[in-house]
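Encoded as structure tokens, here's the structure I'll be asking about.
Just so it is clear, A, B, C and D label the chains in written order, and each chain counts residues from 1 on its own.
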Amino acid sequence: MNKTVPGPEDAIKDIKDGMTLMLGGFGLCGIPENCITALVKKGVKGLTCISNNAGVDDFGIGLMLKQRQVKKMISSYVGENAEFERQLLSGELEVELIPQGTLATRCLASGYGMPAIFTPAGVGTEVAEGKEVRNFNGKEYLLEYAFDADFAIVKAWKGDTHGNLIYKETARNFNPMMAMGGKITIAEVEHLVPAGELDPDHIHTPGIYVHRIFQGKNYEKRIEQRTVRKK
Amino acid sequence: MLDKEGIAKRIAKEVKNGYYVNLGIGIPTLVANYIPKDLDVILQSENGLLGMGPFPFEGEEDPDLINAGKQTITTLPGSAFFDSAMSFGMIRARKVDLTILGAMEVSDTGDIANWKIPGKMVKGMGGAMDLVASAKNIIVAMQHVNKAGESKLLPKCTLPLTGVKCVKKIVTELAVLDVTDKGFRLLERAPGISVEQIKNATKGKLVVEGEIPEMKID
Amino acid sequence: MLDKEGIAKRIAKEVKNGYYVNLGIGIPTLVANYIPKDLDVILQSENGLLGMGPFPFEGEEDPDLINAGKQTITTLPGSAFFDSAMSFGMIRARKVDLTILGAMEVSDTGDIANWKIPGKMVKGMGGAMDLVASAKNIIVAMQHVNKAGESKLLPKCTLPLTGVKCVKKIVTELAVLDVTDKGFRLLERAPGISVEQIKNATKGKLVVEGEIPEMKID
Amino acid sequence: MNKTVPGPEDAIKDIKDGMTLMLGGFGLCGIPENCITALVKKGVKGLTCISNNAGVDDFGIGLMLKQRQVKKMISSYVGENAEFERQLLSGELEVELIPQGTLATRCLASGYGMPAIFTPAGVGTEVAEGKEVRNFNGKEYLLEYAFDADFAIVKAWKGDTHGNLIYKETARNFNPMMAMGGKITIAEVEHLVPAGELDPDHIHTPGIYVHRIFQGKNYEKRIEQRTVRKK
């Protein structure tokens, strides 16, 4: 069950204008750098991107925004970048802001074949507008729907040729749920190994959820907030 | 009157042994510095970590290891990583004992507004709406009045809400207050602050019963 | 007429390269033995394993490593373990390409009954209801008639249902049939079996169009 | 955050008559053997047990059934034991049979703070009787509720003093969801290690979900169906 493709260009070759993509990562941590570069190069447009954040001006999804490839962002927190703000205010870019846990759980719902979930996040706020509210045991919850994404693009630390993935530290974040939630899932990994080299007990995303995998290159892994203490 | 560090110090006294705590960005982050060392407390970072440690030493930053504020951090013995679905799962399931976060406004019924100012660029709610909707105990760290001198403790929030009827306690530069059925209940005064000053700075319903002690922080 | 091994052999021909397959208990389990070695096929065991291998060698049984039939098994290179929520998650999300299971009755609209006989001790549905409700492709391995000589391919199931309108294909000792909008469509006859015999053994609506080839198994 | 207790008797000491317990395991694989023995010794009665299976006559939950400690079983597959059948037919024991995936996902819902989930399993069958059916995108789903269990009792392979757990192979099964789903969660482990010895990337159940942990003893790990091939 070899799912290896040579590189990001092959992995994303059938991503078309107007499609909906899930992109893993939290901030700039655990983002699919290679695929983003390939998407920028390919120049595919009118995309709806489901991603917790929108990158910064010159890195991550910010690179796609700069090229005006994104029609709509579905995120929980954006605006670390000026170009994003400009496009938003000019009406070129549409943004749907949703609570972070709702975002994560709607991805999980897609991957677990659940059409909708209930969450209390946003009850009584403008997030609840137009949504079904339901009371369970005296507490109110919103009905939130699973996502319907054409592709999920994730980044893992290690992966094998069957598509099994292992993430590193907090670079895990949204990647596992998105890997499960896409109709077609592309994984880029820092270390691609033959099937059998990963401990089956350590795998975070089983290969059944992954359709294409490749060994990524030249990871920059930019740090957004470098905070340190003195020795 | 307390400075930010003072507010953080006072809030740190609310942290009990054995607590799992989620700290928001801003003043709440400072609370970690004042939790007594003899308490066994574990910090949850909602991007997917239990057991958040201090900032790394210079040169030891790991880009794969950040907190919910996107700052480089470290782990501690007994840390665990998990995905964001599980992270908000444990938040929704009320496994986190205490959530501390900032606010722009709080109402005397416990509503909170801290994510959006109409007319300004909206960055998003991040995990705040999930946290306030589910936390069993929420303490808000905030300034009692805004820069224009207007009270941020209101009968009704004027800004778009983050959550309703969720705030349990508020610590400001002037006071410690509980949110009760009858409104804000004044518990403690900041050093040198009078009940009258707090009354003047509080637009929402304020309950003052008996002698109000001055808070002890050291 | 096919024996159980023959039914398993014929079903094995439905397995395509690159498939993830879930095999039920009984005849479906035998199918694994006949999947051509040159096909890349991964077996899912719904208790929490992808990449189920053969039974262990004597003395190498591992009590922590069993399949959904509670049999000791082995893993293969590329196997992955997961919990039961994820296991049924991938089943519900239709990530499993083919599900093969046994049945007591199937209706000509694709309903299936395979978990309960009124008056008898009911052991439970296990994962069968989840599998039939979600699988994108279900093949049923069953006997065409019961021990009393009565057809098990019916206009309507008489036993309590496991799932509705879900069965796509049926392989019995007599025939291969698809479930279509018009009823059971006869595709192949077992070696030595006539269309007439199949008609007599099928109580549900049967569509016979054109020449029906004899199935090829080897 | 030391959650260690000396042994199973201490771990279960406040389990009372009439309570609802989740018990991990699939068949006899990954069951909390030590706690079951302690529950039998304690003689607590009138229990509702949520467990995928009910053990065999002389092992697992079968031992509790023999002592008539169980009022109700909530399972997906039972009846590998004669005493169970006798009690069921005589009306001493109540059984609620639910699909295996529904069982797993209702546990997950408890652990993830979701009051209910939607699943297609059981639509059109007697499992759907009295339940809300809802159509999403042309497919019907049942509304199924999260469980409300007083205690969850799970078995892991390794655990640390903070309650972090790692399971082994298919002994994982229902244990992680139940560990998340109980109001109070007790974990027995084959290897208890100090906090810091487990790789934080390998942990299946973070310690926040676990309230008590102890080093188990004398695991029998009985095999239900010994199937082998010749060398």
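The working rule: a contact is a pair of C-beta atoms (placed from the backbone, for glycine too) under 8 Å apart; a residue touches a chain by one contact, two chains touch by 3 or more.
This one's a predicted model, so the numbers in the text were calculated from it and none came from an experiment.
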Contacts common to chain A and chain C (chain labels): D
Graph separation of chain B and chain C (steps between touching chains): 2
Contact-richer chain pair (by C-beta pairs counted) among B-D and A-B: A-B
Centroid-based (C-alpha) most distant chain relative to chain D: B
Centroid spacing, where centroids are CA-atom means, of chain B and chain D in whole angstrom: 36
Between chain C and chain D, centroid-to-centroid distance (C-alpha), Å: 29
For chain A paired with chain D, centre-to-centre distance based on mean C-alpha positions, whole Å: 33
Multi-chain contact sites of chain B, meaning residues that touch two or more partners: 49, 75, 81-82, 85, 88-89, 91-92, 134
Multi-partner residues of chain A (each touching 2 or more other chains): 105, 112-114, 119-120, 167-169, 172, 200-201
Graph class of chain-chain contacts, one of line, ring, star, complete, other: other
Touching pairs among all chains present in the structure: A-B, A-C, A-D, B-D, C-D
List of chain C residues in touch with chain D within their complex: 45-49, 54-67, 69-73, 75, 81-85, 87-89, 91-92, 111, 121-130, 133-134, 160-165
Interfacial residue positions of chain B with respect to chain D in the complex: 18, 20, 40-42, 44, 49-51, 75-82, 85-86, 88-96, 134
Parts of chain A lying in touch with chain C, wherever the complex brings them together: 1-2, 110-114, 160-162, 164, 180, 194-196, 200-201, 203, 206-209
Parts of chain D lying in touch with chain C, wherever the complex brings them together: 26-30, 52, 75-80, 85, 88-89, 97, 99-105, 107-108, 119-127, 157, 167-177, 204, 221-231
Touching residues (chain side chain D, partner chain A) in the complex: 105, 112-120, 136-137, 139, 141, 145, 166-169, 172, 200-202
